[in-house]
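Note that the chains are named A, B, C, D and E in the order they appear, and that numbering of residues resets to 1 at the start of each chain.
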């Protein structure tokens, strides 16, 4: 397999900074706003998402390219992916519970939330499409990297958000803005700052 | 009764603006009214259809495989929507992008299947699907109208104000967040005012 | 055991049902989807050639792209069309360009881009003077993208210059003529990078293709 | 020969010491009426030893130590006990006190000095004398000195530091003391060193008191004082805080939550040292002390040797307080002193100064914290007062605890430095109060 | 109580406080910006004056309306922070921006970035920079057109900004000329450095070498935002603030130092000790908004860490991001985005750089 290093770096930069899942692509917003109140839970959720995203992007890629495409049933993509992801999360949960109770305690409560998290489904669907940089379908390695990096990008945004929200607990937010609205304003300002990464390219 | 149901779906339990569910499609496709309405209709279609099927077959589905079954049913209708859009509304399909397949994970739909359709009869489930879908669609349209007008000075792709210079940020990601924050804050403000007046 | 069996059966039935419904939908829409794709392709091609030509797909070999198109009229060869891409501000810009064998641009069509809304994405902007109330009142208007329009009749063999002082759709006819004479396009304000990317799509390979085609004596 | 010592953090308030620094200590006349609280120290209050109607002599015990961490209280004037009951106390509460009416005779009990020279006496005997004299720390915390001088055997003390820093603005009592009672202080210091068996004895003085430094250096030429090491301290508040002093002089740190003895140190104020000398050599109990009376609203400031129990009012009126100008009367210095609500409260063993302020605290409007970090820079304990105060304001006491609110020494440097004029010390105190309660409930579990 | 004794005030210690107050700090920063303001008016004439006035007035008006009408609290104009935000926002705008856009930015800066979070001290991003970023995303074209100061135009510099002539890649000049950005990606600079001046002359440009360019940058004879062009005026103001203990030396020095170091290491000329290799970083720290950002905006206390170690991390982080965006990013200028991005990390930095407290030992309880 020949690995296009430049493409991998570009995918990584794009997934973490330029097209950050949360701040630019609008994926995974429900957990982003739901689990960012405390830094500790944000880290836990982030880790769980990175893990599941990585595994999910590998498995869905394999299924898509070795099952759906050859048999020309790629229109079943949505059904198959969601089933794979749902059972994957179940499997991960059960395995963790059995073999690593510590990790299960840390990530366990976040896992069920992940099933209906569009970030996971999103990365699977994106990986089934075309690479923005080469206009070719994603290779296995590329989709793997895309999965990990998208998870890291999600976690980065989540952790930054949690830090800020913990600080906002101490601020005097005007009453109509308290709760979700100020969280959206915060996310908006974060997204503005992340615009600074737009057009970032280490290989021009 | 219908009136109360409508009020519930659109105002009291608005999926996006009150329950904060299904935020991703709400923000991602509300850059123009066309997209917002398209997404709203697609989601409503899936919502109603899956509610119908689930309330019909709820008796035969064993408790333990309930969720996977719902997911499969929802995914089926999503695929139908996907194929239909591709065939007859290619433009819209391009605009909505990956958010069409993502309807499948939309928290609103699975949430309604689980919380409502699996416990209620056909008629009520249809109504529930309809009002919730309406609430979803209306919220999307509100966001979309604000963003399209402010962000590109257009509505349904047509210019609105002569001499107004649109603020592009509103059709970019940050503007999505600001718009929903603003709408939610307004809702809070009026609700708090009402509560304040009552007490 | 029985329990598991029951669960599996229920799941299987649901899955089969779903599969059937989807398959049914697919066979009803599949044709339409493919037709759509073909139509898109044709529309894109027709937009870069004059009306009334017959378009044929060709496959080429180095240095030509693997696929390109030729347009023929009754009187002979009208031109070629090539798909080209170039790095814009936020990703690749893909265009399809129609050129006459002489190097004169017949038409340009932006296929896809990832440029910033309000800036780079104006490469495919259609200027409209129409307000929402005009439409409500029933007035209609025909629009075409101004940015790609200005490439028409320019030559790919000469450097295409970029004028940043105005935008084409606001120019007087006199100015437009002058621009054409000097092989110049106007830039999109604040989006020189995108402008240059579109220009590069044309200037990078197309002259070479034409030269090659000419030298290989293709003229049917 | 003086090295210059300092610590990290701290602030530089203007000294304002000139008004009183050059005034000799005057003996203040015994008051008409003395109110002597039975609790003038940390620990159990003294047990009342007289009753209404008794006649007492100056120096007579009127309250006996109520336990080990306690100290006896002595009459400071001779006369009749008119009442025993709750009286205002400078720390703000009402406290059981003995009210004595002066009979003007100043009849004094006979002191019984040590029968042998202090060098020959056993440490326990000396500690016994100190305890009997009712000596408590005169640097402000009023911790019974005999307790401090009896460290458990597993905590050896190798360093004694005599605290002559007097870093509080306005106050000059210790300064005058060092000039006028140099020898007694040094002798007292030697006693302390002997009692705890320390190897090193420092005396730390801020460099803004050059005359005191000179005076002491002169004395150090004497053979008996050879072992004392002078330490010139950088003028910076709170140089006199014992943790800062220890850090400045020995580079050691008192462990968080621990005591100076946990790092082998003992710190005693110069006044305490002098009182120890007087108790050991003369058997004199602690019934008077030097107080600086000063401040913008005092017309005749000065340093006075005042009987314990003299009402603040008597003192400030004698010094011609301008009641129209006075906004605040503070016992202690401006950085840590307590604002008084009732001027009938008496001078107690730890009152080093009375300050009559004519202005309220600078900056009357409270802004929200602007995160300038001045408080972080100023805190000698390296806390983050801005965060802790916010936690306390929002009732997040656990967070305040996690950010070490309990280590705060309440020195006030942070609030002094804060441009938003947030009363950080108030929040620190409040946070400490709640943190203590939390800790207690945790321990109970 | 005796008649002459009125109620005494009681309060917790300390009873004396430092004279510095929030308004005095803000006023000092405003004073420190006077040289830069003078320079901007001198260079850009009426445009600078109008933009600054519009920003200041709309910031103050927004603040006043929000506080009085929405929150119904006493006016907070007296803390001067809105004034300062107005000035700094104006300084971050290109001279030819229509004033109404500046007003839109001001409303966003004060209304959303500051007061949505509860006003002075509670905002987590720098309001002025948020306002600028809002405008950049909203009106990208007018926000990225930087013309040469009127002062220099009057002296025959009619075509475009000086900086464009120095650093635009040579091949670009073929495209024609207009709206110069003061700092397109600096990969271009080195190209320009190597381009023989002869070629530049052919293309009707004045010959400008770096030795001549640097002093101009230093004194502000370049295209750019109105307040950022004169490094000298900015440094003058910063020295005053540093002397008054209002800004620390760490953030600016580490910020500028990091940019200098990185641009020197990656100067693109292939060597390190030639005069060209050394001029690249000098150019980089003088050009664009770096001085303004490092001296006046990264030092905003509200949006930077409180801990000393945190401030250092903040400074270095800003430097790295500025370098990255300038060299690899799509924007001509990285300063405002790097500060905004670092603002996001401040809560985390503060949390993990807690100073080690006095006497902290391992708990043996």
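Throughout what follows, a contact is a pair of C-beta atoms (placed from the backbone, for glycine too) under 8 Å apart; a residue touches a chain by one contact, two chains touch by 3 or more.
This one's a predicted model, so the numbers in the text were calculated from it and none came from an experiment.
Undergrad: Smallest number of touch links from chain B to reach chain D?
TA: 2
Undergrad: Going only through chains that touch each other, how many steps at minimum separate chain A from chain B?
TA: 1
Undergrad: Would you mind checking which chain's C-alpha centre is most distant from the centre of chain D?
TA: Here the answer is chain C, farthest from chain D.
Undergrad: Identify the chain pair joined by the greatest number of C-beta pairs in contact.
TA: Of all chain pairs, the one joined by the most C-beta contacts is D-E.
Undergrad: Between chain B and chain C, what is the separation of their C-alpha centroids in Å?
TA: Computed from C-alpha means, the inter-chain centre distance equals 33 Å.
Undergrad: What's the distance between the Cα centroids of chain D and chain E, rounded to whole Å?
TA: Chain centres of chain D and chain E, defined by C-alpha means, are spaced 50 Å apart.
Undergrad: Measuring centre to centre with CA averages, how many angstrom lie between chain C and chain D?
TA: Each chain reduced to its C-alpha mean, chain C and chain D end up 86 Å apart.
Undergrad: Taking each chain's centre as its mean C-alpha position, how far apart are chain B and chain E in Å?
TA: 42
Undergrad: Would you give the residues of chain C that are in contact with at least 2 other chains, written as numbers and ranges?
TA: Only 18, 22, 26, 89-90, 116, 118-119 qualify.
Undergrad: Tell me, which residues of chain E touch at least two other chains?
TA: As it turns out, chain E has residues touching two or more other chains at 112, 118-119, 122, 134, 137, 140, 330.
Undergrad: Hunt down the residues of chain A that sit against at least two other chains at once, touch-wise.
TA: Residue numbers touching two or more other chains: 75-76, 79, 172, 177, 182, 185, 188-189, 192, 194-195, 198-199, 204.
Undergrad: What pairs of chains are touching here?
TA: Touch list across chains, by label: A-B, A-C, A-D, A-E, B-C, B-E, C-E, D-E.
Undergrad: How about chain E: which of its residues touch chain D in the complex?
TA: 4-6, 8-22, 24-25, 79, 118-122, 301-308, 311, 350, 354-361
Undergrad: Which residues of chain E touch chain B once you look at their complex with the stated criterion?
TA: So the residues of chain E in touch with chain B come to 101, 104, 112, 134, 137-140.
Undergrad: Write out the stretch or stretches of chain D touching chain A in their complex.
TA: The contact residues of chain D facing chain A are 368, 387, 390-391, 393-394, 396.
Undergrad: Which residues of chain C touch chain A once you look at their complex with the stated criterion?
TA: 18-19, 22, 26, 85, 87, 89-92, 94, 114, 116
Undergrad: Given the complex with chain C, which residues does chain A contribute to the contact?
TA: 18, 75-76, 79, 132-133, 135, 198-199, 204
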